[in-house]
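The structures considered in this document are given below.
Note that chain A is present in both complexes that follow, paired respectively with chain B and with chain C.
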Partner chain A sequence: MSDNALLAIDQVTKTFPWGKHRIEAVRRVSLSIGTAETLGLVGESGSGKSTLGRLAIGLLAPDRGTVTVSGVNLGAVAPRTLRTMRQTLQIVFQDPGAALNARVSVAANILEPLVVHNIGTRDERLRRVGRLLERVGLTTAHGPAMPDELSGGQLQRVMIARALALGPKLLVCDEILSALDLSVQAQVLSLLDDLRTTEDLAYLFISHNLSAVAYLSDRIGVMYLGELVEWAPTAALVAAPKHPYTQALFQSILEVPVSKAARKSLTGIPGEVPSAIDRPSGCAFHTRCPLAMDICRQEAPPWLTVGDQHQAACHALAAVEEG
Partner chain B sequence: MVSPVVDAPSVMIRSRASLWFEGWRRFADNKVAVIGLAWLVLFSIVALWGRQLAPYPMHYANLFAGNEGPSLSHPFGTDSLGQDMLTMVMYGLRYTLAVGFGATVVALVVGVLVGLTSGLAARWVDEILMRLTDFMYAFPGFLFAAFIIGVFHGAIGVVIGVFGLTQWAGFARLTRGLVLTVRHSELVESGHAIGASSTFIALRYILPQVINSIIVYTAFVAVNIITLQAELSLFYGTGPALPLISFGQLISQGTQDVLGYWWLLVMPVGTLISLLVALVVVGEGLQAALNPKGNRIL
Partner chain C sequence: MSALFQINDLAVSFPGRDQTVYAVNGLSLAVETGEWLGVVGESGSGKSVSLLASLQLLSATSRIDRGQVWFDGRDLLRLKRRPLREILGRKIGVIFQNLANGLDPSMRVGVQVMEPMLAHAICTKPEARRRALDLLTELGLSDPERQFERYPFELSGGMRQRAMMAVALAAEPALLIADEPTTALDTTVQLQVLSVLQEACRRRQMTVIMVTHDLGVATNVCDRVVVMYGGQVMENAEIDTFIQASVHPYTQGLKGSMIPLNGTHAPIQAIEGSADIFHQVPRGCPFVARCPVAFERCHTERPRLVSLADGHEAACHRVEEATAHVG
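Moving on, here comes the complex of A and B:
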């Protein structure tokens, strides 16, 4: 973990009460993001991606482990300080229709963070809102509109403008494309791409859309049942995924292949994600893994370095390396 | 030479006044609701200044003009004692609206306080308050009210208290449910994300959501309370002592003389029904006005 990381998550575990039990939504995850770097996070529903995103910006507090932003441990600061630190840590939610205040105008929504942190005079704030609207590809004419008068893509832009209002350094994007039409997804992606350079933004880009993650991310982490199972620079991961789960995930991408043979090669991952309440022993993926061995059912897999900055946690890979 | 000023674009936000105006416009789109509101305003004026507006004194009776049909001098006719029915209905309205308004306010205050506390406080507090609410739901409020009001001869303060304190359970459940939904919504989460304080979130995000639904629900609770109170005097004969008179008493008298003297029943029943209908349509109009997304609150 480098010391100059913008965000450093170290051995973080987060559990939630579930009846009489507690489920581990995130389990011993470590990762870091540098300034203006984009980390993609992929995995199926329920793999803990969104929980990790909320932990990263202090919306949730970890049960164990630490979340450090620019060297400051979020768990060790007062709530008031944390609220101030929110200026550098922002999130864009999956459903802007639910996350925006439907009772006030678009401009008032973007204005809110500035009001909360008491930034600028009224006039300055309004100008800033105007600039933000233009920055995300809308116009000042959208300001007086009510949220329900805009389309899903426009709303997501408003949500991004609201998140950018305080000039954050890290933006968590939690499944922000999943509610949008394909053509609009592409527009929002290219907007994020632009903002990265102009605003010096780092992203934690959470999505189950592998193509989108691969397009935007410098590095990608793959999560399964609350655990990180592989992570690598984007090019390396796309070219040669090592973990059986990652491989299976890449084989289940739905695209429109040219050849008929390729069209038939689309395969899903057999079985379903096990319940986090009754987590499989050893490697959590062994119930669905084509390479599962006895040891996978008994012991948690070790982290292996399988390439340049490329790591995966898998017994089968370890067996191959040992020859 | 003046240096060129590159003016950063400023932006308009919608003022609070314009939001109120838009709410009113959505309400006014529903013409029936507007008529209902006008009707309620008229009734409220009658209730407030009934004594001055009534064509005859309350105790006026002309035995030689008993059981007369509607005419110019007695638009609602007269009863067997020769009392003017319009005057009686106006006094009835006065009593009914006082009870309906008063008891609804009591139920609203108690219910919303219980619901808010339940939704925001610790789990064991919530448990206790919700069991109490369940109890009040199952409580035979109508029989209880008949008993208490029978004993106290329908003193208006007692009637308001009894109905208010037996009809708050719906407000409590509604409020608690709304608070719980909003409390775990992405809206509140996004408030935390921008670093807003709990007070800011409660006032700006939670309260508006909760209040709008409660205002709408209030109209329906008022309907319920007015109906209950009328039924009570109708079936149990418990009502206020003169000069106060309730619709139930008027209707109950009317049923005895209905053969041949239809106006004795139709005039008070018609007035009561039009009051209830007006409340319901205004409630419907408020749904549209307070809910910009157009989905129904109730």
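Moving on, here comes the complex of A and C:
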């Protein structure tokens, strides 16, 4: 992990109360994001990726481990400093309809963070809102509109404009494509791609959609039941996923075949993601893994380096390596 | 024509206080016995609305303006409640996208799977119980005896979707209408559910109409695809033609909007804008506002669905003019 990382998450665990017990939503996760870098997090429901996104920008505090932004530990700063730091850390959620204030105009929604952080004069703020609207592919004409007059894709653009208002360094995108149609997903993805270069933005791009994650990200982390199981540069992961779970994720993507005859069979791994309340022992994936051995039920798997900046946590891979 | 189920010139609208939404505007489609038909399009294209309307399953806020839906020699839109009930669940099974809508939360799963068999007097209660357990086993519910006694909320998403499929298949219907049956599921679970659904339908030689927004799903399980926009058919093609030789600009746009999974970073050729909502019946082509190759005629005249080859139709003035020149 480099010292000049924009974001460094080190051995972070987050638990939530569940009756008399606590469940681990995120478990001993470490990762880092450099300036203007895009890290993708992919995983199914219950993988802890959204919790990790909230931990990354200080919306949640970890039980153990540290979250460091530009060298500053978010858990050790005064609330006032944290508030200032939050200007550089923004998040966009899946459902823009729920995240925007439906009673005020689009422009007022985008203006709000500028008012809260007391930035600029009234005129300066209004000019900035106009620029932001154009920046995300809308026009100043959309400013006076009420949120319910816009389509889902346009609302997601408004959310992005609002997140950009304070000039963040890191934007967490939590399943922001999920509610959108195919054509609109592609439009928003292209917008994020543009903004990365023009705004010097780093992204933590969280999605269950492996294709979207692979399209946008420089590096990808794969999560399963609160843990990272593999991380790699995108090209390496797409070319040769190593962890059996990552392989299963790739296999489960149905792409358009070249012909009816060339369809692949609809076979994948069995079962569903277990509940974090009843976390399997050893490697959490062993209940569904085609390669599971005795040791997988007993011991947590070691991290192995399987390529350049490419690591996976798996006993079966370790066994192969030892020959 | 040996169509098992046929929609003719269906129009459905939602009258509102201020304005009316015209959701389905003259839709015609047919599915042959034994065929697996995919109905694809974006949200708002009218794909779910038209199929729900064809079974009289839409809410009272909707209005069927015209059309017929032929099944078993009868027009389903003209049927009263009782004769319709004898068909729904018995001869036509339905699976909904929304997990919450498909199952009764207050009834045990097994009882719900038995219900269609008992309601249609197909067999005795002990026999229905035995068949329900067989069906749950066939659809891949682990520990079916235990799942039988559970309530829907006690099942995982994938298991609930399998249970809903069991209810739909319980009376061995000839036709299954599945509205986004796997959309809400995780991808690894989606693959399992599609696989057992395909197997179960094949074994029964069932005819299937599957509504989906996912071209990957449609092209991997369907025999033929109908592409909808603005409540009309834009293109209708056998799967190989759909994959290799589709012609409609909307179909091309949908394909171009797919995000490739090959590690490259080529720009995505997405369709501009988002699906239109029509407050008037579209006069010309419904896709005109987003179409990259639209011309004057597209604004004023509705394109007819023209046959291009055996089993391949498209509704597009550009395509029609191009083929007319060739012919």
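Methods note: the second predicted complex is superposed on the first by the 316 of 323 C-alpha atoms of A that agree within 3 Å, B and C clash if a C-alpha of one lies under 4 Å from a C-alpha of the other, contacts with A are read in each partner's own complex, and residues count from 1 in each chain.
We adopt the following convention: contacts are C-beta pairs under 8 Å (C-beta built on N, C-alpha and C of every residue); 3 or more make two chains touch, one makes a residue touch a chain.
A quick note: this is a predicted structure, and the numbers were derived from the prediction, not measured.
Enquirer: Sharing chain A, do chain B and chain C clash or fit in the superposition?
Expert: fit
Enquirer: Could you look at A:V29 and tell me whether it touches chain B, chain C, both or neither (first, second, both, neither)?
Expert: It touches nothing on chain B or chain C.
Enquirer: After the superposition, just quote the angle formed at chain A by chain B and chain C, using C-alpha centres and rounding to the nearest 10°.
Expert: If I round to tens, I get 70 degrees.
Enquirer: Does the superposition put A:Q187 against chain B (first), chain C (second), both, or neither?
Expert: second
Enquirer: Regarding the shared-chain residue A:A98, is it in contact with chain B (first), chain C (second), both, or neither?
Expert: A:A98 sits against chain B, while chain C stays out of touch.
Enquirer: After superposition on the shared chain, which partner residues are touched by A:G152: those of chain B (first), chain C (second), both, or neither?
Expert: A:G152 sits against chain C, while chain B stays out of touch.
Enquirer: Now for A:H117: first (chain B), second (chain C), both, or neither, which partner does it touch?
Expert: In the superposition, A:H117 touches chain B alone.
Enquirer: Which partner chains sit in contact with A:L6 here, chain B, chain C, both or neither? Use first/second/both/neither.
Expert: Once the two structures are laid over each other on A, A:L6 reaches no partner at all.
Enquirer: Once chain A of both complexes is superposed, is A:A276 in touch with chain B (first), chain C (second), both, or neither?
Expert: neither
Enquirer: May I ask you to decide whether A:A316 touches chain B, chain C, both, or neither, giving the answer as first, second, both or neither?
Expert: neither
Enquirer: Shortest C-alpha to C-alpha distance from chain B to chain C once the two structures are superposed, in angstrom?
Expert: For chain B and chain C in the superposition, the minimum C-alpha gap reads 10 Å.
Enquirer: On chain A, which stretch or stretches are contacted by chain B in one complex as well as by chain C in the other?
Expert: No residue of chain A touches both chain B and chain C.
Enquirer: What part of chain A is in contact with chain C in the complex they form?
Expert: 44-45, 151-154, 181-187, 189-190, 208-212, 214-215, 234-235, 238-239, 248-260, 263-264, 266-270, 272-273, 288
Enquirer: Quick check on the complex: what are the chain A residues that touch chain B?
Expert: Those residues of chain A that touch chain B are 57, 59, 82-87, 90-91, 93-95, 98-105, 107-108, 111-113, 116-117, 123, 126-131, 133-134, 140, 143-144, 146, 148, 162-163, 165-166.
Enquirer: What does chain C use to touch chain A in their complex?
Expert: Going through chain C, the ones touching chain A are 42-43, 156-159, 186-192, 194-195, 198, 213-217, 219-221, 223, 239-240, 243-244, 253-263, 265, 267-275.
Enquirer: Going by the contact rule at the top, pick out the chain B residues touching chain A in the complex.
Expert: For this pair, the touching residues of chain B are 8-14, 19, 185-187, 189-190, 192-197, 200, 204-205, 208, 292-294.
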